[in-house]
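One structure coming up, written as structure tokens, with questions to follow.
Order of writing sets the chain letters: A, B, C and D. Residues in each chain are counted from 1.
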């Protein structure tokens, strides 16, 4: 067997895995702080990316665009907290989960309604096609670069959790809501913080994915890739999201390439889920997650 | 609030029932999809279609003095939604719907059985059910100009041209990267046939909908080390394929896309990756044909265009949409020649389509000379097997990459007839031609 | 009336469950240590003790949810093996929970009927068609359920969703659901917790009536000493997982260890 | 008709346990059935039959199936469409392999296959709950879609991977026009609806609800969680499979695996949520809502053709409205339209006196 090719597949898998983690992070943040599984994360990615690219198309300078988009995502978070989370605060988590599916549809519609659905081209000035050659293996530079962004984002987030007041509050909330209040920040505020943060993560993910795929409706479907990542990595762990992403990325690519030859291509659509299913059966809380207390 | 909702529901239905009654007009149902994963392709096509109809009304006052009326219905590329649209629009207008164009293979399949009952023809230009080209079995379906299989033969010819002769195909490795759906699978059999005929090696690589993540697929393609890649993509898949191809160090000039991977949505996002990428088309690139000048003159300048003006120049799908309009109108025109200047019914238009004969003079008159090749439909041959034009993307726009390449009916026709015969046997149909 | 009732009961000493020298611990924490306890048929046995004395653990051992690391539990003279939670009920042991565990989506009647499920046969088709046995058993058991409803005097709230009922009534419905199983042994986990005086009196009455009319053996955990002393035939006192006393209310009341334990705890 | 319970005293529990204890409800149901079976065939045209009523009924059946699982047994599933697909393809394959099999048998066979697959993917529900289970069902969704697309056997090696339903006929009477198809679907769906209603008020239904509301207590009173959950998965998938067969055979006629993609699963989940969790009527109300809304918006668009609102805008608005309604119902009335209807009835019952 061709080992250089194996390396290429393996590393390629790792790199796209990081891209999944990038999306998964948004889920983790919200789940960590509110126990809500936010199905709408994918739509938020779409919304952020669309906002960003359309503003650029209008000729708004990049930095300003970034600032505005962040602002928009924060507004979105506030809106969600007011309209959806507050009324559902003491509801069963499964109800909240279904509500976020509704939210997902709402945002998808809204995003395309105001920004239109034509493909937006996002050039970050990084050559998508250049690659390092290691032996006969090609390692795409853009993917490496995206991986670095994801990595640094994770770093920032973990620091944020460890050293800022809000961060600590969030972790407190994760443990129990009373504790959060004792930190002196009302729950609603905290939720706004979390969803804003998730929105900003979505923006980063959107920009990276968008520049890779072109900004369009389809990028909201990357969320579906992130779900098994979460199951495997654990819903509550930021590093877990990364490791989970890597496992899923590698797993599906290797399966597609080496298994696919025998049982037919297209495995990568379900392989991560089967992987997740196995993890669920053995260790429901995921590899890095905290033990699930009968919440859902 | 329940009651209020119900009452609004009712009131709306009443409204729409009384609203669209198109007296004394040819009714053209337009089933478009401006949304969903394929909206990016569907929207410009619909705009082109509608703009052309508007132009005809403005320029010629309709067809044979009878105005064209149309209603658009969003299918979101879903067969069940298309059926709903079909059922809703089929009886609109004084003489009922003239002809449907689903612009979706799945939808085509879904209404196949209903056409004969409703006596409404279907034009499926460059898509749909291939063996419907056999008019003796499928009297109501018209895969005009070129169907999937014919197209495929032209594609292989084109590759041979690049290589310098059909004999050069021997020993080549050709990868068929296709959308994992009825549309994508349709060319499997014909390619296999050609592979054995010309002695090239063929391997298929399916890409699951929507096809935004194809890394693994292209790793496989790369491992296969193909000389050429036939790209049978649709929607977001195509552009992603072109990108991944370059990432996998497969040169765009070695990629040949099909009809539906041949628009700017596919070639612009990949940037430099798509320079040199070529793809099949029913039409010549560019807009310097009379028909487009007329659309500008009678529609855009009048300020009642459906979409933005740039579309015409930088949207292949817009031009395809215009072509759809052209075929509809021409069929109606043909029908009026026989049945007189009154609103045409589906059945009458069916006759019109079946007797289409687009000679150069005719094309000249229609202002689309050289925009499309000339071809002729017969009862047996609902395709007219028009030649195919290949276009190459130069980084800014498409330009002709070949002459009109004729399709190889000697391969396609027998397969079509065999397949059609099988269908006829299943359904117990007798030949519609004599 | 209780007095002579008790006497002639304690005359026939048939042991329903015999718990021999069991120990139970979670990780380091020793919940129960070398506890011996037997439950006589037809009696009302109360298990009391300060918080964290191991009362609930004891109840769970009796109900079979916990399997003690050491010691054996005999049920009707036979050694009881590990059993699936849903088989406990089939053995004839029913229970109520400390914090109400009713099926909130159902009416009082449905909750009680659900208690009868265990006595019904399952037949997908007949039940789907609501024919033959599928229908017959519904109607028969409805009859039984109504008897319980009458017994607990909750006719008026039959069709009310339990979520809408006041606390006391919910407790009553839960008791009804347990009774619907027609158990031999009924375990009550703090049946009167958080009740006002009237509610408590009602509940006492029901417990005694159940014991009298159906001859059901009852084991209950309760904080309220007063209540316990009034209604129970026998009282077992736990403290830090050790049984420090076991006897008639009067005996226990006079037991020095008990007084210390409670003063200590109090 | 005035809606009054008063004066109707049930003398026997039998009477009280009838499927519709209240007289007016009996009458209403009777009228509804009369309307559906007798009036509609006269007033509805082909458009209404074949593109609104038949799809509506088929999807209602799917929603009913999901409601058994999610509404009654409290197990959430995002794989409904996959189970529909199993039903459709199983029915098709039986008829292809054994041509003389009548289609009704094929439908039931489809349902049974779907049921067994459902039970298989229901196994994780013994260990996991909530959206963890949803993930398990997602696995089913993607895996089955792939399986059907990837292996030609399932489509009888059709070159484009679609299945075309053979013509339907019963006792030599061909079911080929919209009306006969409508009546067929209606009959099947009504029968299923009554079956579910019966289950819901019987021992099985109570077991399901017990598991949904408080599984620990359910165990304590002797309900076997495993059997109960798997039974729910089985019955649910059976109905979904049947719905799938109807969808393939009668609504579309020719169908590709992609017709049962994840979007369909969500659509049906929405029907259940909007219509009302844990109620039979909810499935129908939800389905009706989900079918009519797009058409309504669409017509709204075509009334003001192109000029004011483009179909594009309409479709986006459609997305928003769905989303908004989901959230609205989850906040205001988790039991959905069915509950609102019930409340309306209670009000009516007390009318004109507020108390």
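Observations on the structure shown:
Keep in mind that, in the parts below, a residue touches a chain if its C-beta (ideal position, glycine included) is under 8 Å from a C-beta of that chain, and two chains touch if they have at least 3 such contacts.
Owing to the predicted nature of the structure, the values given are computational and were not obtained by experimental measurement.
The chain with its CA mean position farthest from that of chain D is C.
One finds 50 Å separating the Cα centroids of chain A and chain C.
Computed from the mean C-alpha positions, the centre of chain A lies at a distance of 37 Å from the centre of chain B.
Taking each chain's centre as the mean of its C-alpha atoms, chain A lies 33 Å from chain D.
Within chain D, the positions touching two or more other chains are listed as 146, 149-150, 312, 316. Multi-chain contact residues of chain B (touching two or more other chains): 34-36, 39, 43, 180, 206, 208.
In chain A, the residues touching two or more other chains are 112, 117, 264-266, 269. Chain pairs that touch one another are A-B, A-D, B-D, C-D.
Within the complex formed with chain A, the chain D residues making contact are 76, 124, 127-132, 134-136, 138-139, 142-143, 145-146, 149-151, 262, 266, 269-270, 273, 312-313, 316-327, 330-331, 334. Across the complex, chain D meets chain C through its residues 13-14, 16-17, 19, 195-196, 198-199, 201-204, 206-207, 209-210, 212-214, 216-225, 231, 235, 278. Those residues of chain A that touch chain D in the shared complex are 37, 83-84, 87-88, 91, 93-95, 97-99, 101-110, 112-113, 117, 224, 227-228, 231, 264-267, 269-270, 273-274, 276-277, 280-281, 284, 292, 294-296. By the touch rule above, chain A contacts chain B in their complex via residues 2, 5, 8-9, 12, 16, 112, 117-119, 121, 123, 128-129, 131, 138, 140, 212-214, 216-219, 221-222, 225, 252-253, 256-257, 260-261, 264-266, 268-269. The touching residues of chain B, when paired with chain A in their complex, are 34-37, 39-40, 43, 180, 205-208, 210, 212-213, 215-217, 219-220, 223, 235-236, 239-240, 243, 246-249, 265, 268-269, 271-273.
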